[in-house]
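Two complexes, one shared chain (chain A), two partners (chain B, chain C).
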Partner chain A sequence: MQPEAFFLRRRVQSAIFFAAILGLTYGSILLTQFDVIQGLQAVPRAFAWGIVNFVPDERAWTRLPRILEKLQETVLMAIASSSVASVFGLGLALLGANTTRPHPWFSLPARMLASIFRNIDVSVWALILLFSFGQSGFTGFFALFFVTLGFITRVMVETIDEVSTDSVEALRATGASYGAIISQSVIPACLPQLISWVLYMIETNIRSATLVGILTGTGIGFLFDLYFKNFNYGAASLVVLATVVAVLLIEAVSNAIRRTIL
Partner chain B sequence: MSLLEIENVSKRYGSETLALNSVAFSVEAGEFVAIIGPSGAGKSTLLRCINRLIDVSSGDIRFDGVSVPKLRGAALRRHRTQIGMIFQHYNLVNRLSVIENVLHGRLGYKNTLQGILGLYTEYEKREAVRILETLGLSEQMYKRCDQLSGGQKQRVGIARALVQQPKMLLCDEPIASLDPSSAKVIMDTLRDINQTMGITLLVNLHQVDVALHYAERIIGINRGQVIYDGPPQALNNEQIYQIYGSEAGELILDLKERYAA
Partner chain C sequence: MEATIPSRRIQVRPRNRANIVIQVTLLTLTVLTLYGLVTIDARNVEFFAAFGDMLANFRVVLFEARLKNLSWFDLFRELMVTVGLGLLTTVFGAVPAFFFALFAAQNLAPRRVTDAVKAVMAFVRAVPTVLWVLFFAVTVGLGAAAAVIGMTFHSISYLVKAYAETFEELDEGALEALRASGANWWQTVFQAVVPSSASAILSWTFVRFEINFSVAIAMGATAGAGGIGYDMFMASSFYLDLRELGIFTYAVLIFAILLEWGATRLKETVGATR
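For the complex of A and B:
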């Protein structure tokens, strides 16, 4: 092919691509009767309204102790569900990883179980579990537990196969028992990554716990929902600010832990 | 009775690939045997059949009079404690210290609880220290393995095998990832272990010249079959051709002539 022909074809391809995007956008605007001009004009007004109402007023600050109490409850629940789920996740990962599975038959079921837990979103888990546990802390705990279990299992399966395959072979060759191989080779080799992922899940779960709380009527999410629906925007924004500060604090702590262990 | 007797061993992967095809030879206690052959010839598979990291498809392997393919559970673990293994990529737990990695060689003698908790006796620890000193690693004893050079890591691998007090060492490409001077140190160490401690050596090697220089017996393998089995002096050019196939032949022949000169 001549270079001219090649570049011409490239240009035609780009033109068709952009025309398609434009057509899709215009079609969607027509179908939804979305007024672009009005939409853009609304942005500054929305920001102005948000800023005016976002600053917590005098009355909102009186609710701070209650907010902090609920926030603590939510943070502790996130930490509890993450760490308990990680212990089970490590067990499931040992069954699922090619290096450590006791029998090839364990591998697929363990990975599939993890995949199901992981791919159902935390809010969907919360809704499903509402039927079993109602509006209680258990619903949130188990919703976070299942998602964390699925995620930790997946990343640990990969870590185990990546980090410890060689040393596991060496320990099998010495005649070491299965338990000894796991505790002397797999765990020491994978521990830093495991801790790092558990910290990541704690961070993620604090954010998710807020959302789950809105759905299940517990913790900080419930408080936000309550204030917001009572037009108490100052208190609602204080909830958001407190959550942001808590997440940033937890992140700083876990980054410090990561630096020392890795 | 030979220490190791391999009788008509075949290993089949799937329905197509025949990694080992009726391999048969025996090894006397105290021998230094080098196994040479092109990549994918079945050298690694053969070593791993001997300590049962891989199960054979048919045939029998007898080590010290015990039939290996039927071993299970505790008996299999006891069998493995008698055979040390050294790997191309050292296969250490990099985050642990040198001495911890060496003590892993004792795990085969532990019951489950002792193994899980990593409980080693005073004698075992002294033994590990002594072996590390003889291998010139007393300075590195408490360092983490990821701080060591390749040659040092391989010596840790050798120490881990020796602390097993094995009758035989299986070495799978022990110098393939090392520079020439580290490789020489490792091969000299292996020869020393063979001569002073009387431990039988079965070494997979890529380098024909190294095999000819160190081993007292060469086994040449191609496509899972033993092509040559005899002393290095009797290995002629035509046989090297057969082991490596015609393409690689010329390069290898050069090496052989240079070594002979």
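For the complex of A and C:
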């Protein structure tokens, strides 16, 4: 192909691509009835308002113990649901991975189940689970649990096939039992990756737990909603601040752990 | 003479730093998980009865789903509103994120600038999206406007990180060659950075679209952003209609699976062209 023709074709392709994106964006603006001008003007206004009003005042600091208590509840829920889901996720991944599945028939159902679990959003899980667990901590726990289970299964299926195909073959040749292969070769080889993903899910789930908390009336999300609806913006801003500190702290610890084990 | 039978087991796993950290991490997670489960806020919910109830409810959602308050056309329109929210916030996020990312990549900007941009973005990212949306709702009121701005903020911070990491993986030689031939900074960006990272940028942006679609559902449910999320919230908390919620669940599930499939395909082509 002539270079001119090549560049012309590429230019036409990108022009079509950007035109399509512009068209879709315009369609979305109409559909969602989003006022672009008003939206753009709102950003500086919101920050101007926030600098004056959305800062923790003295009264807010007196609520710090309660905020920290609820934050702890949310962080613990994120950790518990992520950890429990990872154990089950590893089990499902062992059934689904090509290297470790007990029978080829296990693979597809395990992967499909995982796909359904992770593709239903955590808020949707919460809305469904509200019917059985009501406004209790279990609703949030299971909502996070199902999404995490689906996600961990997917990434662990890939990891198992990547990391342990050769060693499994070697062990099989020596006549090792299925249980021995899994516990002595597959799990030790995948453990660093699994921990890395669990830490990632904990980070994600703290944010998701805040959201679910607003729906189910639990944890730090509930507290934010409460202060926010009572126009107690000082306390609400302290909730945001505490959440940010917690998320950044956990991110830092996770990164430090990841650097050593991977 | 006594036979030299090894009295100790052979050490299979070395006691290095990595293994100690793995064990400590596992132990810590186990303790925190148990503590979290014991102290969970049960609010008089009978766990095993509720668990059985949950399984029964799953069966209803799966097999007895039907529409009641909405028509099929309404359902489609509401789904498209949610998709629109996701698309809008991804596009609005991607454009500023591209420029911020240029100042966050260590091979394109001085260290002091990249550190500052990265710190601000880490802060923006640490705030859950719903809190951003509610923050903006104070000035513009609950609705699509607050949702779009709030979701755009979080998208920017996520994409800046993803784009900057892509830029940092660029071949230093290409940048060097352009700089040596006298290209200015913008020329380097548009002749070297953009062409070689375009497919990765596209892939990350699509991943963010996938995320923003589910965030849009959540914002409909919690922050009055409209779309199918709002209908789901109404079905769950107002009409207590599990069967209609089931149809909505099917709709978002099918769309999410399509998006995930698209993202995987896009990632594969990016991997192939690298």
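The criterion applied here is as follows: the second predicted complex is superposed on the first by the 219 of 262 C-alpha atoms of A that agree within 3 Å, B and C clash if a C-alpha of one lies under 4 Å from a C-alpha of the other, contacts with A are read in each partner's own complex, and residues count from 1 in each chain.
The criterion applied here is as follows: a contact is a pair of C-beta atoms (placed from the backbone, for glycine too) under 8 Å apart; a residue touches a chain by one contact, two chains touch by 3 or more.
Since we're looking at a predicted model, the values are computed, not measured.
In the superposition on chain A, A:Thr210 makes contact with chain C only, while chain B stays out of contact range.
When the two structures are aligned on the shared chain, A:Ala176 is found in touch with chain B, with no touch to chain C.
In the superposition on chain A, A:Gly23 makes contact with neither chain B nor chain C.
Once the two complexes are overlaid on the shared chain, A:Pro102 sits clear of chain B and of chain C alike. By the touch criterion defined above, A:Ser167 lies against chain B but remains apart from chain C after alignment on the C-alpha atoms of chain A. Shared-chain residue A:Ser185: touches chain B; no touch with chain C. Contact comparison for chain A: of chain B and chain C, C touches the greater number of residues.
Of the residues of chain A, those at positions 188, 191-192 touch chain B in one of the two structures and chain C in the other. Those residues of chain A that touch chain B in the shared complex are 164, 166-167, 169-177, 179-185, 188-189, 191-192. On the chain B side of its complex with chain A, the touching residues are 51, 53, 76-81, 83-85, 87, 89-96, 104-112, 115-118, 157, 160, 164, 170. Those residues of chain A that touch chain C in the complex are listed here as 21, 24-25, 27-29, 31-35, 38-39, 42-43, 45-46, 49-50, 54, 73, 76-77, 79-80, 83-84, 115-116, 119-124, 127-138, 141-142, 188, 191-192, 195, 198, 207-208, 210-211, 214-215, 218, 221, 224, 228, 233, 240, 243-244, 247-248, 251, 257, 260-261.
Those residues of chain C that touch chain A in the shared complex are 13, 17-18, 21-22, 25-26, 29-30, 32-33, 35-37, 39-45, 47, 50-51, 53-54, 57-58, 61, 80-81, 83-85, 87-88, 91, 122-123, 126-131, 134-136, 138-140, 144-146, 148-149, 214, 217-218, 221-222, 226-227, 229, 232-233, 235-237, 240, 242, 245, 248-249, 252-253, 256-257, 260.
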